[in-house]
Amino acid sequence: MPRAIASLFIEDGVWDGGALGKGEGHAGIVKFFRRAPSAFTFAIHNVMNPIIEVDGDTATGRWYLMQPLTRRNGETESAMWLAGRYEDDYVRVGGEWKFKRLRFFTRMLTPYDEGWAKKPLA
Amino acid sequence: MPRAIASLFIEDGVWDGGALGKGEGHAGIVKFFRRAPSAFTFAIHNVMNPIIEVDGDTATGRWYLMQPLTRRNGETESAMWLAGRYEDDYVRVGGEWKFKRLRFFTRMLTPYDEGWAKKPLA
Amino acid sequence: MPRAIASLFIEDGVWDGGALGKGEGHAGIVKFFRRAPSAFTFAIHNVMNPIIEVDGDTATGRWYLMQPLTRRNGETESAMWLAGRYEDDYVRVGGEWKFKRLRFFTRMLTPYDEGWAKKPLA
């Protein structure tokens, strides 16, 4: 799975989740997504509000994410809502669109039991 | 309403919700959706992440569902989050696209009061 | 921000949120969105299920909204889920699509702490 994710990026592509972490290049992205399952044991990547602009062999994309997430902390698993915005740069290589850079900007990461008014960023 | 839903399918079309139930053919789909409101009294069908592939007069579609749902159990009504994935087969008949088969795969069906970490499938 | 929102509408355009309030014309829309932040201090406008129909220089759009919202009441801030449906009329003026009328129909506005089965409209 980490390799499959990395393969969506160009060789020196970047997955940049800000406070959530970062992977640079295929090796960095693989490393990042190998660690991720130990912290996040469940996630649904609901994406919406796409704005995609194509300019020849490059493109940009903006998406909203509304993600049910389960975070593991030691033996405890907690449901959370993660919401934010992807800002992507794409490039077409050999007829295939790839990520050049994906950035994710968190708007909230809130414990399900509390909600975003009480604790917007956990 | 059940008849309107059935009319979106070809005559021998199938609505297959897995553990949620199944209706085969127009009569089966009508029967299924006549029963549904007694168990589910409120639902918003938020769909996203569409991937639609057209091949002549047939097509496939994949969608995510993120559904606020109210389930009735006797006199009690409980809010729930239902999330999952539609995998659809479409066919064009007389210029109109119809469902040939709709399958829904549940990823979580969780009581609103508990959340998916405590009870992913209620 | 209120001016930027108004500029998406034609001069006599209407933002009609039903029970949530209404702004008519640029001045009315600006006025409405100047007041809004005092009642709503956080909102993510997740939109999905678009159905857009274009007819020359006019068009209609229907969207679902699934919105995490924080409502302020005096010193108290409360998380809420707002869900509903936009029904939009668009018009193309000078090569640009503008809102002629936006209507929002609330399906639920529920306190996060209670959920839609207990309190669908708060």
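Note that the chains are named A, B and C in the order they appear, and that numbering of residues resets to 1 at the start of each chain.
As a working rule, contacts are C-beta pairs under 8 Å (C-beta built on N, C-alpha and C of every residue); 3 or more make two chains touch, one makes a residue touch a chain.
Please read these numbers as outputs of a predicted model, since none were measured by experiment.
K.L.:
Between 0 and 180 degrees and rounded to the nearest 5, what angle rotates chain A's CA atoms onto those of chain B?
P.N.:
120
K.L.:
Would the interface of chain A with chain C count as same or different, where same needs over half of all numbers used to appear in both copies?
P.N.:
Different: fewer than half of the residue numbers at the chain A-chain C interface appear in both copies.
K.L.:
Which whole number of Å gives the spacing of the CA centres of chain A and chain C?
P.N.:
That gives a centre separation of 27 Å.
K.L.:
Of all the residues in chain A, which ones touch at least 2 other chains?
P.N.:
48, 66
K.L.:
Touching chain B in the complex: which residues of chain A?
P.N.:
42, 44-48, 66, 68, 70, 77-79, 112-113
K.L.:
In the complex, go through chain A and note every residue touching chain C.
P.N.:
Residue list for chain A touching chain C: 48-49, 64, 66, 81, 83, 107-108, 115-118, 120.
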